[in-house]
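Written below as structure tokens is the structure these notes are about.
Note that the chains are named A, B, C and D in the order they appear, and that numbering of residues resets to 1 at the start of each chain.
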Amino acid sequence: MVRYSNKQTICMFRLPDDYFSRPRARRHCLPMKALLQADQVGFTRSGELVFEPADVCLNAGQALVISGPNGSGKTTLLRVLAGILEPATGKLSRSASLAFLGHLAAVKGDLSCRENLEFSTRFSGQPGMAVNRAMARVGLAGLGLRPARALSAGQKRRLGLAGLLVARRDIWLLDEPYASLDDAGGELVDQLLDEHLAGGGTAALSTHQRQPRLQTDPDRLVIRAALRESVR
Amino acid sequence: MIPEFEYAPYVWTSYGIFAIIVAWQVIQPLLKRRRLKAELREEQALEEGDYSHDAQT
Amino acid sequence: MIWHNIKVGFHRLGSPPVFHRLCRVVAPWLWAGAAICAAFGLYKALYLVPPDYQQSDSFRILYVHVPAAWQAMAGYLVMSVLAVIALVWRIRTTEIMAMMGAPIGAAFTLICLATGSIWGRPMWGTWWAWDARLTSMLVLLFVYLGIMGLYAAFEDKRKGARVACILILVGLVNIPIIHFSVEWWTTLHQGSTISFFGESSMDSSMMPPLIWMVIATKLMFGAALLDRSRNELIEQDRRKGWVRQKLGASA
Amino acid sequence: MTRAMLALLRRDLRLAVRHGGESLMPLVFLFAVLILVPLGVGPGPNLLSAIAPGMVWVAALLASLLALEHLFRPDLDDGTLEQWWTGETPVGLLVMTRLFSHWLITGLPVIVFAPVAAQMLYLPDRALSTLVVSLLIGTPLLSLIGGLASALTLGTNRGSVLLSILIFPLVVPVLIFATGAVSAAADGLSARAHLGLLSALLILAVTLIPLATTAALRLNIE
């Protein structure tokens, strides 16, 4: 039996005075279908907010695309949502298992691809697709015994995608999933996302190049870098 | 004026060390504040386009 | 209700300009108090107290050695309390104060070690003995240095402060253990520990200067802590509006 | 939960085997000390047997220190560390697992070869069992302390000097009780009190250090 915690953090920051009067798009949350919900979560570095606190709601069967210019805090937001970083403001609650694919592939270069995937299955404890099938699905068929460090950047991304398949998890948080993938790879990501959403999962992804082409139109969230308090 | 103790060198060095280290606790913040103020003033001047603080080249 | 007031008070102090003003006003008074107490204590310690019949005049080192040692330990306790507050309520000024306590505590530990070693020379005939108190003070110095080094190694000062606060609390558990283990170790190895005080109980005239010096070191610690915290706050907030305004007013 | 811990342990050990050279370092270190010390202080049995407990323990400590650079850093660099927070297993347990594998790699070999070391340094035979027991209780403590220190310094870029400064005060009691136990046994006295205190330290460390380590890792992970 897996238990999920509802974490709550009290806001200790002075927000800009007009903060609450600013227009803000509230994402509508469907009460039954929300797998992950974040209210006004923010993160601080050196005591300053990295991005303007955001509301996020991930509903089953629906994807969320997070966009924003470089340095606006997309990666940080995803890492907060994943539970890796502790939110400095706001409230985060989650009611399903989660997978995070960051820009580091989270594979051990000294282990073979197959060993890495087997580890993902065991570590998450919720077996998904068989390792060989997952490798074939992401176009790495026959590379199972190759050490992960010998893969190219694009192949490493594909190995990361295979890691999503070998363990069943409902929430996918993907940081720039299209980066260093070719066109076919981009389509592969779209297909995998469609299948995942159709199976009742949900996903949030950040991107600034290719926009996902999915069967159901994704929600969108634009985040902005927080205003720094300074003289001028 | 200074008492002549049996172990005068030991006693006076001990008190001296105490005095020096405590004095450093007073002086260090003062020196640092002076340095900080100078730096801040220079930064502000640079932002306002006043380069007179800059070293002569 | 009282609890609530205390919390609100802490958060008020957590505001940098308020804290800065508080430090600026209070620190000079603390220094003045420390100077008066120290002057009183030193005068008594050096002129009024008669020589000890066993240790002659060398026992006068006690009046700087013992207050410094006590302050080195009391300073650590203060830092621990601040560290708990900093970790639980994430108040920045307490984080800064907890961090700034370390160099001051290290300074007092250094005084204690140096004067202890000087005292040891006429009493034991060596500059250093693996005496329980001296050894655990030496370890305490390393704890202080570790905290300072850890804090300094981070670029994000708030993160560094929080990590170092964890270290402070680990040290809080560890220091009594160190003290106990070292004491045990030296008694096992030396047969009997060398005692500073010998058999003689302290003469009643020996106490007042010690009390004055203890108060003086407490005030010195507080004053230095506020002074250093104020500087650190300004340094961290150098690009913030309130520092600029303050500077503009003073310039 | 236990599945995840076992998976992590298995992967750590597999990686250690794959970097064969690195995981033999503790043993190489132990024997380097065992050979260099008699060369340095002379082969006299009396002197050697007097310093034997200390030498074995210092070798164990340094062997444990050597591997600390690789305790969390590679995982931080390749992104596997942040995955610890995305799963359902409490991170404290994963930390314990990692420390256990660190102990298997650095502590266990020293324990296994302690009898050899004891012979080479002329430790009296009656102290041998105490030496092994003290290592059994004490080396996990070294791993716990080292784990905490390396988690604290993970976010800094000049970790190694700092690491030694942080570890030094923490290992003082461990060294005192452990070598005290062995010396007492060598002198024909009871080592019960020392070993009891050492066990108390271990219990305290097992309860507190994973908490502190987890908190430090969380702060350092960004």
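Operating definition for what follows: contacts are C-beta pairs under 8 Å (C-beta built on N, C-alpha and C of every residue); 3 or more make two chains touch, one makes a residue touch a chain.
Values in this document were obtained by computation on a predicted structure and should not be read as measured data.
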Remotest chain, chain B as reference, centres from CA atoms: A
Length of the line joining the C-alpha centres of chain A and chain D, rounded to whole Å: 37
Whole-Å separation of chain centres (CA-atom averages), chain B against chain C: 20
Whole-Å gap between the CA centroids of chain A and chain C: 47
Mean-CA-position distance for chain D and chain B (Å): 43
Residues within chain A bordering two or more other chains: 45
Junction residues of chain D - those touching two or more other chains: 222
Chain B residues counted as touching two or more neighbouring chains: none
Chain pairs in mutual contact under the definition given at the outset: A-C, A-D, B-C, C-D
Residue ranges of chain A touching chain D (in the complex, touch as defined): 2-4, 45, 76, 79, 82-86, 97-100, 102-111, 115, 119, 122-125
Of all residues in chain C, those that touch chain D in their complex: 139-140, 142-143, 145-146, 149-150, 153-154, 159-160, 162-163, 166-167, 169-171, 173-174, 177-178, 180-182, 184-185, 188
Contacting residues of chain B [partner chain C, same complex]: 3, 5-8, 10-11, 13-15, 17-18, 21-22, 24-26, 28-30, 32-33, 36-37, 39-41, 43-44
Residues of chain D touching chain C in the complex: 148, 152-153, 155-159, 161-162, 165-166, 168-170, 172-173, 176-177, 180, 197, 201, 204, 208-209, 212, 215-216, 219-220, 222
Chain C partner contacts - residues on chain A that touch it in the complex: 12, 44-47, 228-231
